[in-house]
Amino acid sequence: MFHHSSQLQFEVKVDKPNPVFAKHLQQAIGGIEGEIRVAMQYFFQAMGARGDAKYRDMLMMTATEELSHIEFLGHAVALNLEGAPTSMQDEAAKDPIVNAIMGGMNPRHILSSGLSAMPVNSNGVPFDMSHVYATGNLGADMLANATAEAGGRVLASRLYNMTDDQGMKDMLSFLIARDTMHQQQWLAVIEELGGMEAQLPIPNSTPQEHEATAHSYYFLNTSLDEATPEGRWTSGPSLDGRSEFSVVEKIEPQGQKPSLGKARPDSAAQTEQM
Amino acid sequence: MFHHSSQLQFEVKVDKPNPVFAKHLQQAIGGIEGEIRVAMQYFFQAMGARGDAKYRDMLMMTATEELSHIEFLGHAVALNLEGAPTSMQDEAAKDPIVNAIMGGMNPRHILSSGLSAMPVNSNGVPFDMSHVYATGNLGADMLANATAEAGGRVLASRLYNMTDDQGMKDMLSFLIARDTMHQQQWLAVIEELGGMEAQLPIPNSTPQEHEATAHSYYFLNTSLDEATPEGRWTSGPSLDGRSEFSVVEKIEPQGQKPSLGKARPDSAAQTEQM
Amino acid sequence: MFHHSSQLQFEVKVDKPNPVFAKHLQQAIGGIEGEIRVAMQYFFQAMGARGDAKYRDMLMMTATEELSHIEFLGHAVALNLEGAPTSMQDEAAKDPIVNAIMGGMNPRHILSSGLSAMPVNSNGVPFDMSHVYATGNLGADMLANATAEAGGRVLASRLYNMTDDQGMKDMLSFLIARDTMHQQQWLAVIEELGGMEAQLPIPNSTPQEHEATAHSYYFLNTSLDEATPEGRWTSGPSLDGRSEFSVVEKIEPQGQKPSLGKARPDSAAQTEQM
Amino acid sequence: MFHHSSQLQFEVKVDKPNPVFAKHLQQAIGGIEGEIRVAMQYFFQAMGARGDAKYRDMLMMTATEELSHIEFLGHAVALNLEGAPTSMQDEAAKDPIVNAIMGGMNPRHILSSGLSAMPVNSNGVPFDMSHVYATGNLGADMLANATAEAGGRVLASRLYNMTDDQGMKDMLSFLIARDTMHQQQWLAVIEELGGMEAQLPIPNSTPQEHEATAHSYYFLNTSLDEATPEGRWTSGPSLDGRSEFSVVEKIEPQGQKPSLGKARPDSAAQTEQM
Amino acid sequence: MFHHSSQLQFEVKVDKPNPVFAKHLQQAIGGIEGEIRVAMQYFFQAMGARGDAKYRDMLMMTATEELSHIEFLGHAVALNLEGAPTSMQDEAAKDPIVNAIMGGMNPRHILSSGLSAMPVNSNGVPFDMSHVYATGNLGADMLANATAEAGGRVLASRLYNMTDDQGMKDMLSFLIARDTMHQQQWLAVIEELGGMEAQLPIPNSTPQEHEATAHSYYFLNTSLDEATPEGRWTSGPSLDGRSEFSVVEKIEPQGQKPSLGKARPDSAAQTEQM
Amino acid sequence: MFHHSSQLQFEVKVDKPNPVFAKHLQQAIGGIEGEIRVAMQYFFQAMGARGDAKYRDMLMMTATEELSHIEFLGHAVALNLEGAPTSMQDEAAKDPIVNAIMGGMNPRHILSSGLSAMPVNSNGVPFDMSHVYATGNLGADMLANATAEAGGRVLASRLYNMTDDQGMKDMLSFLIARDTMHQQQWLAVIEELGGMEAQLPIPNSTPQEHEATAHSYYFLNTSLDEATPEGRWTSGPSLDGRSEFSVVEKIEPQGQKPSLGKARPDSAAQTEQM
């Protein structure tokens, strides 16, 4: 069950409202790297968690934190929209800077939301829940979460670089910090469970006899003219400790040339296909 | 530049065509765990790769392999649709098994594709390219790729469990194997670059002064009644080697109660809001 | 800021797990009539609320309640998936009832989520945030919320009719009750602000001189052969108390026949259009 | 059956073509507040209408009117695109105003439509039909329609404020007027049917015994630190006349702590979850 | 301006309501091959038509006809849903045929629309307007329209084959006939304008000097092991009459190996990329 | 099976990087007129091809070529983003030209991709695979392909007109040329199979008795006030050689006035509908 308290998790100050930056900030709310995504991803993972209950609790606690991040970012967007131009009709509109703002901000911040945040990304594309990755497999989910937080910290860093508003820098600095923790938090689950060697390959419960292991440890060079890029993945022990990496230099087809024969008479193909 | 040769990477045999399984297999083509996703994800990462060129080459080589996976899976779907019922009009349609097939298969396999594969998932939802994660950050991309392959191997394992067709089991067994390799391949890049300690937090180029480091290493308990779930993430050295994990037991708001004041007269709010 | 406590808002019991009903229940989570929608809609409206702060508080409190509804519904979906068939490979699969289940359930409940809830509707289509209606206009938002709750109670009533599982009926009965309250809660805001007469037309702040009032109060019959359907909307005082309803029996065009002339030479039209 | 006549419902004049305003106007065509939405919503409601046929007729008549609104708005977009810059290659492109236009207009107005209207919103996101709300319940549909028209009139008012082109102001003034009527028209159906007291809760056909009425009339305060916002919804008779409003000050969980136990061995979870 | 009359363009009779066939029929309403698509495509093409006004008129007339097709198909869906099972709670639900229907029909026909048509396809995916192709180029649009009608007639033929209800066969037979006409109608425009030789390549207004004509007439064999498939496209005069077809047997790269160098220090890449 | 070689199919040079043009170029990658679409469309058509195998081979060869087009366009986008402004914090940001660039470029080119190509269109909307048209009918597919290439060449011509960068003009000139060939290539299949007379109506395998041929060859005038636009489609032999074109001047309804009667008591409609 969820509860709410009235103050924001982090203070939001905007010294110089900037409606174009408001558009950019939306990526941190409704982008695939944003907070709606992680809030919902951890929430659905928690609801589907099977096994040791502590992972469920951990997921739900951080899901709850991410909801609070949406909240202060939403306030930041609204504050950046304070005083935005909403009209082309006065003299000011002939100012090229106003023109650039009217053209550069998200038009729906004026037309649809009345100068407040929306659950969309910086292109105005609404977030869709297909990005909530929750597989029922703890290892896959932990990697998905670390990925989401890596994307989130990359985004927060780019937003930090983009603005010179001190209040916004402070807020983004807080987000960068929390993303640091969250990246490690999810990877720490993998470490606690024995690390990559024990957890890979995911799912580690797939019986060996379900796997064509002759194909499990070679890097396949599909290029006609490039040498294989050598690295940790081309030789040495595999990360799961079960084998050695190797290389297949030139892909050799193992299958047939596909053919489907003629079309069925009742399939509404052209007569010539039958 | 891409090239094609006529045989499939892996042989596709279907002993007992099953149109409902054809629907399930679509998840491996057009699902978020599927092959279109990884093919396009590695392709776009390769096109945007900056830094050591060998990662670009590696990405492009595996992107190319994944295109070949789409190809044999597409053939597998078509073969599973051979002989599918396309009509309710004969006596057979009163057979409950035919009824269940007509209700259980993807109707668009009859209506839209004429008994062949589509770029959709097992619900018939078309794949959309928002799932192509390519950030320009090598670490974030490697985690995203390991995530995609973990999801892919979970899916292939579930499809393997679902079918009793030997040809399909063989094909899925091959996919399980390649996903094993690909999971490790991407994580091996991180290991080669010094492992998690060197690569975390992602991006590792964000200057420390951009980060509110007081908030970087604590697990935040947002629950009102649950004890903090203890683990690798609550104490001991952080995975990036820069600090120690700790716990904040009860979230303390640091921000204001948000308030936006009155609506602007020209904002088409209700008069009562102004 | 959000918080969480460990128990569900309402007890979830499933006497006879039913994986097809799990698919139906998804509509109440990820459908346009579902709980993600209202949780996010009230949350974004709260973040954008201007004017009397009590409406902001009210919105946030109910947003928080709706998050708790997602949570118990998510548990209900998972419990309905307990024991679901995940394989066609044993003898049981030849049982037509198992066949109908395998064909009738959401395949991604097996393949993607590992037998737990997803943020999708009963067709497996992911929820997308374009359905979060938050206009910055209190009146428009209150109507949107009453609409959402009306849709929600219609859905809950249909789900109630569909199942004969007592635990599920109890849970749905609770949802029906809360939707009763929420419908009235939002409409009560309008009543408190003077009712429809004071609040219509929305926005009530649009100056009269911005409106071609000659066209504001007639019902337009666009049919060539049907009489105007008479009712409260064809005569008597308008609901905003500003005028009388009337009828325009036959639509008369007031505009020109549109014409765009020739295509520009540089517009990549066909030569014949230029 | 539909018919067409050659003149527009309302005259469209554009004194000063403005390609950035053309982008904004798209919201009124392909936005969720736009005309495609209401045309299709009323059309599908009409096709599904059961009960007194006059509501079906009314819906179809207004659906038809809305199609005519799409038509004149589409012409308005095209006229605003007359003379738009389509090239960066001449000297004019160095003019910051041309630059701002090229950056601020919808690029697909040049690239995809050849300077004419598209069924997209002001972000260029195509309209999707999930926004066509048609429930088969007359009360829910009437609220949905009033909501759509409230959103539409808010939008038209904002577009009116944005432009200083007299022809565009006249056209928007007409839309504002028709939205006034349409808001009231749908709410008048509810009034004719006995008003909110008779129509609430929607659906009013749900038997009382299907509802946990103990939970039907209290406002739930889910905040840890905010007092309940008092208003029409916290005391006094409920709007459906069946009960009295009350308040539950602190949410008390009624359910269990959810637990799903261990993962099934065949579910491709990690071994540690089993 | 649009008008409506009360009778359907074609009579709809359903002898044996079939809720699973109702699901299939949805493809003809909300599928990419369906009537919403063509109605809106011709409407938007008409609104953007430049050049000889008769093409605009023709487009608008057929757009209007397609709206009438949506109307009778919508009625057909509703009639197929008459008497559909909406409950699992009675004894009938144990009947495998009822089970198959409950699993095989679109659940939203019960839950969301109350047994009537929706603007979705046979998978329940809502139609989205990105499929409205309207380029501003008459030739491209005519091909797009012929394509849409070809897809439509393929679909109608498959639906015809699927059902044994005489009323549905009659209705589909009418649709097959109209699609015959519409295919030819659009291609007849091309013939009237001089046929493919005059109209190709589209756009025929692109100056020859904008085209690298050395690459305009060869078929490129990108296969490593397949002979070029010989046909009308490998030799003989090109269809535009400007040249001769030829073959390039082996693709020769003309470009560089791409390289982007190092990442910018401010781009939030990993340090190792800089 | 696919292979890759290291050089681009065509050389990509960008003399003056232009981040706004990078946004425009995205339409050629991820737009409905773009290269992902045709690559995937031909690939899926090839996988579903039945009948003479040479069409399958031809489709696969050109699918492969289109993958190479994505590759060099992706490089072109990245090169146009070299040196793009990513920050508002220095003095340069006060320059109106920098402002216009920051407002006019795709923000996700900075925030999400780190200055490289994305699988999105020029509005930032991700490509979705519903645009991959593959019907299993050779004629319908050939028309769909010619349509796609017509749209592609229109787009390439508009992009050519838009830029004054010689390297970009050269690349687009190559694309214009290949689109010329591809348009004709697909239409040449129709010509080889006997031309439109033999191939129309599509599908040409639909038995005549499935078609209400009385409705197959007339143009229907649905306008109340416009004369029928005369042309090749109103008289003379039909393009399929089976009949003569004619005109129906005024649409006459052939169907009933639709009526669905009362709502079912268990359908959660309003009581008044029952």
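The chains carry the letters A, B, C, D, E and F, assigned in the order they are written, with residues numbered from 1 in each.
Basically, a contact is a pair of C-beta atoms (placed from the backbone, for glycine too) under 8 Å apart; a residue touches a chain by one contact, two chains touch by 3 or more.
These figures come from a predicted structure and were not determined experimentally.
Fewest steps needed to get from chain B to chain D, stepping only to touching chains, is 1.
Least-squares overlay of CA atoms from chain D onto chain E yields a rotation of 180° to the nearest 5. Residues touching across the chain C-chain D interface largely coincide between the two copies, over half of the numbers being common to both. Farthest from chain E, judged by the mean position of CA atoms in each chain, is A. If you average the Cα atoms of chain D and of chain F, the two centres end up 29 Å apart. Here the CA centre of chain C is 32 Å from the CA centre of chain F.
Chain E and chain F have Cα centroids lying 11 Å from one another. Shown for chain E are the residues that touch two or more other chains, namely 1-9, 32-33, 47-48, 50, 57, 60-61, 64-65, 68, 71, 75, 78, 86-87, 96, 100, 103-104, 112, 114-116, 120, 123-126, 128, 130, 135-137, 139, 154, 157-158, 161, 202-203, 206, 222-224, 226, 251, 253, 255, 258, 260, 263, 266-269. In terms of which chains touch, the assembly is arranged so that all chains touch all other chains. Contact residues on chain E toward chain B in their complex (touch as defined above): 18, 20-21, 23-24, 27, 31-33, 96-97, 100-101, 103-105, 121-125, 154-155, 158-159, 161-164, 222-226, 251, 253, 255, 258-263, 265, 267-274.
Chain E contributes residues 1-6, 47-53, 56, 86-90, 96, 99-100, 102-104, 106-108, 110-112, 114, 120, 123-126, 136-139, 193, 199, 202-206 to its touches with chain C in the complex. Chain E makes touch with chain D in their complex at residues 1-9, 30, 36, 40, 43-44, 47-48, 50, 57, 60-61, 63-65, 67-68, 70-71, 74-75, 78, 112-120, 126-130, 132, 134-137.
On chain A, the positions that touch chain B within their shared complex are 3, 5-12, 32-33, 54-55, 57-58, 60-62, 64-65, 68, 71-72, 75, 78, 86-87, 114-116, 125, 128, 130-131, 133, 135-137, 139-140, 143-144, 146-147, 150-151, 153-154, 157, 160, 169-170, 172-174, 176-181, 183-185, 187-189, 191-192, 196, 200-203, 206, 210-224, 226, 228-233, 238-240, 245, 251, 253-258, 260, 263-264, 266-269. Taken in their complex, chain D has these residues touching chain B: 154, 157-158, 161, 224, 266-268.
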